[in-house]
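Below you'll find the structures, each written out as structure tokens.
Same chain, two partners: chain A is paired with chain B first, then with chain C.
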Partner chain A sequence: MDLFSNAIVAGILLGAFYAAVAVGLAITFGQLDIVNIAHPAFVIAGSYCTWIINTRLGLDPVLIGVLLTPIFFVVGAGIYRIYYAAFERTGQESLSGLAFFFGMMFIIEVVLILVYGVDYRLVSAGYIGGTIEFGYVGIPFRMLVPCVVAAAVTVGVWLYLSRTFTGRAILAVAQDRLALQLMGADPVRIKQFAFGLAIATTAIAGSLLIIIGPVEPSVGRVYIGRAFAIVVLGGMGSIPGMIVAALILGVVETLVGTFMGPSWAPAVAFGVLLLTLAIRPTGLFGRQ
Partner chain B sequence: MKRADIVFSAILAAVFLSGLGLTEVMKNEYYFNAMYVVLQATIMAVAWNILGGFTGYVNFGSAGFFAIGAYTSIVLDKAFGLPLPFLILGGATVCGALGLGVGYLTLRLKGVYFAIATLAMAIVFETFINNWSYVGGARGVYLLTPEKHLWFDSYIQMLFVLMLALALACIAVSRFLNSSRLGRGLAAIRDDEVAAECAGVPTLRLKLISATVMGAMMGIAGAPYPFFVTFVDPLSAFSLFVAVNSIAMPMIGGTAHWLGPVIGALLVGTAQEIITVNVSSELNVLLVGIMLVVFITLAPQGIVGLAQ
Partner chain C sequence: MVDRRLFTRALVAVGALSMAAAGSLASFAAHAQAKQPIKIGFSMALTGGLAGAGKAALIAMEIWRDDINKKGGLLGRQVEFVYYDDATAPAKVPPIYTKLLEVDKVDLVVSSYGTNEIAPAMPIVMRKKLVFPSLFGLAVNDEFKYDRYFQIMPAGPEPKTDWSRGFFDLALQQNPKPTTVAIVAADAEFALNAAAGARANAQKLGLKIVYDKTYPPATTDFTPIVRAIQATNPDIVYVGSYPPDSTGMVKAANEVGLKAKLFGGGMVGLQFAAIQKNLGPLLNGIVNYDFWVPEPTLDFPGVKEFLAKYQAQAKDKGVDPLGHYLPPYAYAYLQVLEQSVQATKSLDQAKLAAHMHKTTFKTVVGDVKFGKNGEWAKSRVLMVQFRNVQPDNLEQFAGPGKRVVLYPKEWKSGDIVYPYKQ
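So, the complex of A and B:
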């Protein structure tokens, strides 16, 4: 029972962090129909940037993540320009675009390996070692801090998408380009902004990832399954659905890790993804 | 037989015979190693292209098929001690069946969903192998190179000739699929699956054939791998590099024509071997990624497309 309740709590904390990883993908894949398979690679890039600044300047990792967002935003917007010019305009986005991002993921990973090697990297911050105890449930700060920040990011993005003009325009561009154009908004600029926003969230997700544990370049691959499983299970672009899916995945993964052994955990995300795709591709909360 | 078929068969025979001749003339073992790697990549590229290029279903899980082929032969070798041809047959059968299953997946999943599902499948298999202690689990497994190598000077020479024969056979199958009535059906599915179905193309059957052939070929490429490297662990067998290579090579060569993956594999594979030896092996991995991105962005039809 001890083990079980600890696993549930740890799973919820982990799930909240997964939501921050997947929220960018929910925008690109769910709303914009851009299959950014390199999304987790950007998260890892965020982790490495955080690590570099943290070891050089000793800034707080979360602060670094926030400071990195403008840079990641610009990079993301730039990548969308290339993607638009090469694929979307000519109408070959689905498969060529997929291979494009696949190659991009590969490039990010290999560049990180070439420059920094395959050693595990970690950051230092005052709170990382600490734990608070609630009865027999212990909550380590290295999980609690990412959970809180992740919740703030995810809810922030959700509010932004549902309350502001640009946010609604992003939701609109997914549904009806032409109508959006008639409302006086440029779909390409909206999508460029949305893609930049999605990549910006990976900077924060990356800084959270490296707080939770050490990171090395190929860690990103496991997150492909997690991020896509969450977005698909959450119903493609629905942010509340995605949050629920992230929590489910976090809890299931932790339970499997606790009771069957940690080496089975990666199969959970991909198994969930396969099952969802095969049985109910619209996800738990999907629109048909 | 048409004229083109005779010319094609003659070229295949000539390539095979010159390969046999090389084993008599060339004494440096390294070249056989390098050529083996290029041939293995050729089979993978040709196989990927049958589903990816001809039929239009992108498979990100090539490494999964390759590794299952390799592990099938490890299991058969360990359990029954079968000779190599049976191991290859076993790898082809298991991966062909796996391909058939993937073919059924196309019923529900189109486009990117299919691609993501294949990637997911590869990682699920990797986790299973990681936890299966009979084949070494995550620690990997060592194999001994068999003593016997027919009349060849060394085992690697025999593997090279074997791989050459297999690669040529795969290319012949791919050419047949591309130019036959079946190939036109596959092209129709690639261009517009609904329209093809309406025009009376048996889409499901064609997709199943194409996926099964792809799986079997990848199993063939993977089955001799354990004897080539003598140490297999999940990390190297399920390497992302295998998956990227088998996508990048056809894309660089051109996916619509059977010659595309062959050209891409020979070109990229040879370049990789040269760079690995002369510069560094990490740089060669980076090169493939960059070539893939550049070719998709600037020359989506590949080298064959540029030539036409």
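So, the complex of A and C:
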């Protein structure tokens, strides 16, 4: 029982972090239909920015992540303009667009290697290493802080998309671009804003990642499969679906890792994904 | 009518002149060949997961090249490197070695860093019957049984079991003796080999294995794994892991409050300065393998001079700033090649291999003698224990006292603190 409770809690903590990594992709891939395979590379860029500021100024990693969001937003919006002008406007976004983001992933990785080298980077914060006990459940702050921040970010993005005019416009542009245009909104600007928002979330996800463990330039590749799987499992474009999917993946991974052996964890987690898609091809919260 | 005798004399003269000219040309070509640089080819992980080690190794190798060229080169010829980035992708290694041999026409080859990058080069190197000095591959030659393979990592004649022998020998010397062991390792070539060796050692010593599992290298959180280990209540925990996992394991062990009496063994990464600095006091008490630490018992001739050069060059390159773990060995495996070429005065692969088998080499990592299978004739896998590590201080690891050598006894610099967390 002790082990089971701890596994469930650890799964929720891990799942919340996965949600922070995947929330931006839920916007770009799920809602804007842009296969941003470079998404995890932006997360690593966020980790590196956090590391630089943390080691030089000693600021808290989470605070750095939050402070970085406007810069990442502007970068994201700029990247979308290039993507739009080069591919989307001419209708070449499917294959050429994929190659564009694939190339961007390598560019980010190589630039990080050239500028900062390939050594492992870590941050320090007072709470890393501590644990809080609730009965027989122990929660490491190294996982709790990312969980709380991830919950705030994902719920915040969800509320923004569902409650504000721009948020609804983002949802609308995914469903009917022409109708949005007829209502006087500029779909390109809306998509640009949404893409910027998605990249802004990677700044925070990056700061959370480097709190959890060490980072080197190529570590983002580990999260490509997981992030896309979470978005698909949740139902393309559904933020609540993405949150639930991330938590399922996290809990299944830790339960299997604890009771069957960690090697089985990804296989069983992705088995759950396949099974869900077999029963509900549109994902957990996807529209039929 | 031309005088026949005159014609014959003219022919002889022309023939002689031609032969003289041809002779001069051949001599000129041979002279030019002799002055051409000796090309040493290799692949190296300069990007991807092993790039941290690969780049550090390259710095060390370039220091050797510059040192040897300053001394006049090998056989009077300057030494030149031809190398390509294998991006830590084993699939890229065979085409790189094919290109090095068929297109670049290198004279000698050495290996990339790490088991996963060395093994794919073996079939190509073996087909050409080349000597293959190798850098940190665990038990690669167990399968190939190639008689021109020479491994600089001091794993010993039985690399799989020698790797963890010290860890288990130390455990069994304690009172009361431990009876149970947990073995956990990453699902990757090196870690699986290390775990297989640990399993064999544990079984041989009569320890009961209460946990024996592997985890995928992409694991983010290690607390569930450490909790599962804790639930089996092992006396000792042997871990075979890569740098990010090692960090995760150490942090999780501290967060969960792991109660094992001995913890560590085969964790890659705890030798790297950046990780040591970040983990700080969390490392105290951990017993882990290493190959060189700045303890007085390991003060080999030339090692400090080499490290001074390495540290000066590593400063702004984003690689391990202290370079204790891999760089001295990356320098030493080229010293082995250098001393063999100088001694045989030849690039003949058979002669080089024969020399490498019979000689004890003097290197910056001490005396190196290879056994029949190309591994070190005698294991020198050190078991070191982290002691009195202070938080956020890189410089402390540059000197002695922080990684005390417990095993083997001829290199020992202190006694074990047991259990690991008092």
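Following the convention adopted for this analysis, the second predicted complex is superposed on the first by the 260 of 288 C-alpha atoms of A that agree within 3 Å, B and C clash if a C-alpha of one lies under 4 Å from a C-alpha of the other, contacts with A are read in each partner's own complex, and residues count from 1 in each chain.
Criterion: contacts are C-beta pairs under 8 Å (C-beta built on N, C-alpha and C of every residue); 3 or more make two chains touch, one makes a residue touch a chain.
Because the structure is a prediction, the values reported are computed rather than measured.
In the overlay built on the shared chain, the residue A:110 is in contact with chain B and with chain C. Contacts of A:4 after superposition: neither chain B nor chain C is touched.
When the two complexes are overlaid on their common chain A, residue A:214 makes contact with chain C while staying clear of chain B. Looking at the shared chain after the overlay, A:136 reaches neither chain B nor chain C.
Once the two complexes are overlaid on the shared chain, A:118 sits against chain C while remaining clear of chain B.
Look at A:263: by the touch rule set out above, it reaches both chain B and chain C.
Overlaid on A, the two complexes show chain B and chain C touching the same residues of chain A, namely 109-110, 113, 218, 222, 261, 263, 266. Listing the residues of chain B that touch chain A in their complex gives 56, 58, 60, 105, 108-109, 111-113, 115-117, 119-121, 123-124, 126-128, 130-131, 138, 240, 244, 247-248, 251, 282-283, 285-286, 288-290, 292-293, 296-298, 300.
The touching residues of chain A, when paired with chain C in their complex, are 2-3, 6-7, 10-11, 13-14, 17, 109-110, 113, 115-122, 124, 128-131, 138, 140, 142-143, 212-214, 216-219, 222, 226, 254, 257-259, 261-263, 265-266.
Residues 46-49, 51-52, 54-55, 88, 187, 213-216, 218-221, 223-225, 227-228, 231, 243-244, 247-248, 251-252, 254-257, 269, 272, 274-275, 278, 282, 317-320, 392 of chain C touch chain A in their complex.
Across the interface of their complex, chain B is touched by residues 35, 37, 82, 86-87, 92, 94-96, 98-100, 102-104, 106-107, 109-111, 113-114, 218, 221-222, 224-225, 228-229, 232, 261, 263-264, 266-267, 270-271, 273-274, 277-278, 281 of chain A.
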